[in-house]
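Down below are the structures I want you to see.
Two complexes follow with chain A in common, the first pairing it with chain B and the second with chain C.
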Partner chain A sequence: MNRPGLTAPGAVRCRMILFVAGDEPNSRRARENIRAACSEKGSKRYDLQVVDVFDDFQTALDYDIMVTPALVVLDPPPRVTLLGDLSDTEKLHAALGLI
Partner chain B sequence: MERPEPLPKLATGVEGLDSILEGGLPQARTTLVVGEAGSGKTVLALEMLYRGAMSGQPGVLISFEETGEAIRGNAFSMGWDLAALEAKGLLAVIRPKIDYNAIFAGEFSIKGLLAILSGQAKKISASVVVIDAVDVLMCLFNDPLRQRNELYSLHEWLMQSGLTAVLTAKSGQDTGLARDFTFMEFMADCVIQATQRVDTQVSTRRLRVLKYRGSAYGSNEYPFVITPRGIVIVPVSDAELAHRPLGAPVSAGQSELDAVLGGGYCRGASVLIAGPTGSGKTTLACTFAQAACRRQERTLYVSFEESREALTGAMLSPGIDLRPLLEDGSLEILTAMPEALGAEHHLLRIFQRIDDFEPEHLVVDAISAARRIGSEQAAFDFLIRLLNRCKERGITCIYVNQTGGAVSMEVLSGIGISSLIDAIVMLGFVRSGCEMERTLLVLKSRGRNHSNKFHKFSISSKGVALKTPGAHLSSEGKDK
Partner chain C sequence: MAHGELSAHELRRRLEQAEGIIAALREGDIDAVVGQKSFVLLRLREAEAQLRESEAMYRAMVDLSPDAIAVHADGKYVFVNAAAVSLFGGESAQEIVGRNVLELVHADDREAVSDRMRLAVSDGQSTPPAPFTVVRLDGCPVEVETVGTRIEFHGRPAVQVTMRDITARKRHEDALRHSMESLRLAAELAAIGTWRFDITSGSFTLSRRGRTIYGLPLEGDVTPEQVLETAHPQDLADLKRLIADMVKAPGEQSSEYRIFHPDGSERWVEIKSQTIGDSDGQPSVNIGVVIDITDQKHHEQTLLALNESLERRVFERTAEITQQAEQLRALSLQLTTTEQRERKRLARILHDHVQQLIAGAKMQVQQIKQTSDPHRMQAIAQNASDTLSEALDASRSLTVELSPPALHEKGLIGGLDWLASRMRQQQNLTVDLHADSQFEIAEEEARFLIFECARELLFNVAKHACVSEADVTIARGGDGLVTLTVRDEGTGFDPDQLSSRDAGEMTFGLFSIRERLAHLGGEMEIESSPGSGTKVTLKVPVYEEQPAAKASEVAAPRRPAEVTAWQPKQDLCRLLIVDDHNVLREGLAELLRFESDIEVVGEARDGPEAIELARKLEPDVVIMDVNLGQIDGVEATRRILSNNPEIKVIGLSMHLDRSVTKAMRDAGAAAYICKGDPTEDLIDTVRTCFKA
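Here is the complex of A and B:
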C-alpha cells in the first residue's frame, strides 16, 4: 500500500497500539514481532502502546478490536489495522513504512 | 448417578414463545437463531433482550450488522426504549465496526470480542448476551476450520461465563457458512429457525424450534407477526381448550327475533349469520350490536367489507344509527382490507383490539373475506384461532358469512369448526307471487329452545321485523 508522508523517514514518528489478549501464544508472538521490527531501525521513532484487552476492554471497544492480536497504526495517517501475530514481516514492515 | 435437575429456563417474555419453548430459553446456555435476511431473527433476539432487561435481567447486545442507531430506532418503533435501559445500566448496546481494509498479518483469534463481552457483562452484571449476526464476524476468518475453532472457543467461553446467550446467524446459500451451521447447531442447546415465505401472495413469517437439548418443545412451525408491540406468536395447535361455558341469554336486538331464538343468543356463544348477498346479514348483526352498546356492553365490529363511514351510512336506512355509539365509546369499528395483511397480522390486530378494548361482543363482517387473506388453510386457521380466543374470553361472536360464493358451508362445518359454532341463523330469499321475500331460519341454537321454522323477515326504516312466526312459506324450504 502506498502511504504518503513516508518519503522522509527521519522526520516521521510512528504511533501505534498493539492489542493483545493476556499471554496467548499469538499475542506473545505479536509482541516479539513488533519489538523486533521497531528495533531494526531504532525504537526512538516508534511510540508503541500495548493494551491487554482483558485489562482494558474499553480501549478495545473504542478501537473496534474484536480479534487479537491487532496492531493499530495511528500515526502517520491514514489509520491502518493489522490483524494477527505480525508474523508476516513483509506486511508489517510495509505498514510501518520500513520498506 | 443423581437424577438430573430439571433444566433451568429463562422466560423470554415474547408472547407465545415461552409456551412453545415450555418455559423459555435454556439458562446459562447458548441458543442459536438462524434465518434468512428479513426473517425477523434480529427482532426476536432484541425482544428477548428487551423483555429480559425490563424484568430486571441486564443484558448485552453486540451487533455486527446494524448500527446502534438503527437498532435503537427499530426498537423504539416497537415502543422499546433501549436508551432508557442503557441509562439505567440494564442494557449495553455494542456495535463494533469491522474493518474490512484490515491487513491480515498472521494468526489471530476472537479474544478481543470475548474480552469486550466479558468486560461489558461485568460492568452491568449482565445475565443475558445477544450476539447478532455472528456470521458477519466469522467472515474475518476465511477458512472453515478457523471459523469452527473460533466458534468453538466462543462457545467454551459462553459456557464458562454462565451467561444465557442468544446468537443469530444468517442461513441460506449466500452466506458461505453452510458447513459451520451444522457445527453451530451442535454447540447450541437450543436452535430456533425463522423463515419468511410467500403463500398466495401473502408473506408470512414462521418460526420453528429445531432442537432443544434436554427439554420438550412445540415442534410445529408457528406463524408469527412483528406487530407495533413486538413479536407475537400464537401456537395454532395449542390443544388445550379453555372455553367458557355459554352464559345467560343476550338479546339479538329485536324482540320477535329473540322469541324465535328461544330468548336470544347466549353470552359467549359463537353465532353464524349466513346468507346470500343482500339478505340482511349486516343489518341483523348491527341490530345486535346497537342493542348491546345501548346496554353499555362494549362491542367490537370488525369490518372486512366496508369502511367505517360506509357502514355507519348504510345502516341509517334501516334506522340503525351507530354514530352515537361510536362517540360514547361503546362501539368500535376495526376496518381492514383482507388483502392488505397476512392472516397472522389480521388476527393479531384483532387480538390486540380485544386486549385493549375488552369487548363483551364481537362482530366479524364477513368471515367470507377471510379467504381473501390468503389460502384456504390460512382462512381456516384464522377463523379457528379467532373462535378459540373469543371462547376463552367468553366474548359473544357474531360471524357474518356470505353464502353462494366465497367460503362454503363445508369450510365451517368441516374439521371440527362446526362444533364450535353455537348458533346458526340462515337468511335467504323465496319467491312469493311476483315478489322476493326475505326468510330467516334458526338452523341451530345450542342451549336454547329455538323455532325450527322459516320466518318471513323484513327490513324497513324501523329496522328488522319478523312476520308471524310459523307463517308457512314456499314448499322448498318447508320444515316439518
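Here is the complex of A and C:
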C-alpha cells in the first residue's frame, strides 16, 4: 500500500515495507510510530508500503518475515528489519538513516 | 557447501532474526507469527497489559486496605502494606521487610503461628481466621486476627497474611461480656428470669433464675413447650394467644398467669417481652423477663378480703349508727314534747290554782285595809290565812313532784322509799325495796340517775307488766359497781324484739336509760320472755371519795334536845332566824318583833352564816330552815349544837316529811314545824323551847 502523501518530492528516497496484522494493538502502534517518524523527518522522501498479513501473508514470506509487526527498510541498503511496534524511536531513526 | 546447508552468514542472519523474534516476543511487541501457509495471532502484549492492570489494581487495593497485609517467604517478610507498617508501629516498609515473621509474634503464639505457616506453604491451604498476638517494633503486644493464603511472589512460593487489629474489638467484647454478666447478676439478684427465643432458628435459652421460677431443670436444654406445659389450664388459651403475638410481628407483650410447679403448688408469674424485627421488619428475636409474683398476689388477695370485710363492717356500723341516730332523734322529739307538756301542766297548775289562790289572798288583805270592824277584820284575815295555806299546799305538792325532797334530804334510800310509797298511792303498785339502810351514794349525778332509772322502770312495770307488785334491789358490788335490779312477775317480753320494735313508750324509756348509763360508763341487762316476768339490772360505776362518811355522820351520837338541862338566862328570848328566802326570813322577823318576850338578835341566809352568828350571838333559840344549800339545816344544827349545846334549834321546812323531821331531830333539833303552820304555833314553839 503506497502512501504518496507521505513522500516529499526531491528528497533522499527511503523505501520500506511495514508488515502488520490487521488492527492488532502492536500493529496499530507500529503504523502510528512510523508515520510520526516520517512526518518529523520531512526532508526525506519516504516510500512506505504497508502489507497486512490478513490480506497478503505471501509477501511476508517473500520477504522472510515471520512475525508482525515488522518494518523492512529496503532503501537505502543494507536491508534492515525492525520487529515490534516501533516504539523504540532511537532504533527506528537509526534504521531509517536519520541519525 | 552442500545443498541445503546454510552459509555462515545466512546462519548468523537467521540466528539474529531468531533472537530478534525472541526478544520481540519477550517484550510482547508481536501481534502475529507468520507461518508457511497461514499466520498465528499473538496477543501477548494485551494479556500482559491486562495482567499489569490487574497487578496495579491489586497493588492499589493492598496499599489502600485498612487491614494489614503482609507477604512472607521462607519465614521472612518480603512485602508489607501501609496498614501493616502502621500495625507494627513502623514508619516505612523497609523497617519490616526482611525481618523474621516469628520475631514479630508473641512468644506464646510462635508455635501456633509456625504451624500455620508450614500448613499454608506445604499444603497450599488458606488458614482459617485465628487470633494471635503480634509484637510491635516498640515491643507492645497487639491482638490481631489473621488469615493466610499461599501465593507466588516473584516466582517464589510465599504466604500472604491479612492481619486485623482486634484490640478494640476485644475490649468491646470484654466490656460487653462484663456488662452481660452484670446484667445476669442483677437479674439473678432481682429474682428476674430472662429468656431469648430466636424466632428464625427456633433456639431458646432460659436463665437459671427463669428455670427456678418455672420449676424446670437447672441443667440441660429447655424448650418453649416445657415452659408452656407449666401453665394453669385455665390460663393456657390466653398464653397461647400471647405467644402467637410474639412471633407474628415486632412489639411488646406482657401478661400475668398461673403456673404449676412439679410439686403441684400453684404460683403466679408476670412476663414481659419484646419481639425485635430484622432489617426487613420481620420478627427475628423475642427477649423477655419473668418474675414470680405469687407473694404479691397473695397480699393483693388478702388486702382485697380485708377491704371487703372492712366495707361490710362499715356498712353494718353505719346501719347501727343510723338506727341509733333515728332513736335519738325520736327520743329528742319525745323529750321536747314531754318538756312542753310538763311546762304547760306546771303553768296550768300555777295559773289555775296557785296564782288564783294568791290573788284571792291579796284581795282579802285589801279587804282588811278597807274594814274598820275588828271582828270582820279578824274573819277576813283568817280567810286570807286559809287561802295562803291552800296556795302553799299546792306549791309544795308541785315541788315534791318536780324534785322529791326526800332524795335531797335523806339520800337515795330515802328517795326510793318515797318513790315506793308514791307508786303505791298513785299506781297501785306495791314496791318491795331491798337495800342496806346505810347504803348511800354521795355523787349527786349518779344518785339522781339511779333514782330516775328506778322511777322509769317502775312506771314500765305499772303500765306494761299487768302486776301489782315489784321488787327493787340496790347494792354495791366489790368491783365498785352499784347494781339496781327491778323485777316483776308480769307479762314479760322478748328483749330481742326491743331494738326492732317501733319506738314505743317502753322502748324509749329503756333506750333512754341505756343511753344515760352508757354516758356514765354503766350498762343495762334485760332478762325477760313473754309470760315469765322481767328482770332489768343496771350497773353504774360510782366513785366514792368517802363511802362511809355520810353513814358515820348519821350514826354519830346525838343529843336529844328534850333531855338537855337547859335554863334560860333571862326572860327575854334571844332569837336567830336562819332562812335562805329573804321574804320569808324578814316576814318572820317582822312577825316576831311584836312579841315582847322575843328579841330577834340576828338573821342568817345560809348554813355557814348561821353557825358563825350562833357562835357570836349565842342566841337562846334558832329557827332553822332545813333547805339551805350546801350545808343544809340538819348539818348546820349539828354544828351549832356541837359548839353550844345550850342553844335550842327549831327545824322549819316547807314539807312536813317524816324522814326530814327525823333527820332534824337526830341532829339535835328541839322541835320541828312546817312553814305552812299557823304563825301562832311557831311563836308558841319558840316560847316552849325557850322556857324548856
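Convention: the second predicted complex is superposed on the first by the 86 of 99 C-alpha atoms of A that agree within 3 Å, B and C clash if a C-alpha of one lies under 4 Å from a C-alpha of the other, contacts with A are read in each partner's own complex, and residues count from 1 in each chain.
As a convention for this text, contacts are C-beta pairs under 8 Å (C-beta built on N, C-alpha and C of every residue); 3 or more make two chains touch, one makes a residue touch a chain.
Please read these numbers as outputs of a predicted model, since none were measured by experiment.
Peer 1: Would chain B and chain C fit next to each other on chain A once aligned, or clash?
Peer 2: Verdict on chain A: clash between chain B and chain C.
Peer 1: Using the touch criterion from the header, give the chain among chain B and chain C with more contacted residues in chain A.
Peer 2: Counting contacted residues of chain A, the larger count belongs to B.
Peer 1: Between chain B (first) and chain C (second), which, if any, makes contact with A:Val53: first, second, both or neither?
Peer 2: It touches chain B and chain C both.
Peer 1: Considering only the touch criterion stated at the top, classify A:Lys91 as touching first (chain B), second (chain C), both, or neither.
Peer 2: After superposing on A, A:Lys91 lies in contact with chain B but is clear of chain C.
Peer 1: Between chain B (first) and chain C (second), which does A:Val67 come into contact with in this model arrangement: first, second, both, or neither?
Peer 2: Once the two structures are laid over each other on A, A:Val67 reaches both partners.
Peer 1: Quick one: is A:Val80 in contact with chain B, with chain C, with both, or with neither? Answer first, second, both or neither.
Peer 2: first
Peer 1: Looking at 25-33, 313-321, 457-465 or 601-609, which bit of chain C clashes with chain B?
Peer 2: 25-33
Peer 1: On chain A, which stretch or stretches are contacted by chain B in one complex as well as by chain C in the other?
Peer 2: 19, 21-22, 24, 26-27, 53-54, 57, 60-61, 64-69, 81, 83-85, 87
Peer 1: Mind pulling up the chain A residues that touch chain B in the complex?
Peer 2: Within the complex, chain A contacts chain B at residues 1, 19, 21-22, 24, 26-27, 29-30, 33, 53-54, 57-58, 60-61, 64-71, 80-88, 91-92, 95.
Peer 1: Which stretch or stretches of chain C touch chain A in the complex?
Peer 2: 17, 20-21, 23-25, 27-34, 36, 38-39, 41-43, 45-46
Peer 1: Given the complex with chain C, which residues does chain A contribute to the contact?
Peer 2: That would be residues 19-22, 24-27, 53-54, 57, 60-61, 64-69, 81, 83-85, 87 of chain A.
Peer 1: Okay, in this complex, where on chain B does chain A touch?
Peer 2: 94, 96-99, 101-116, 118-120, 137, 140
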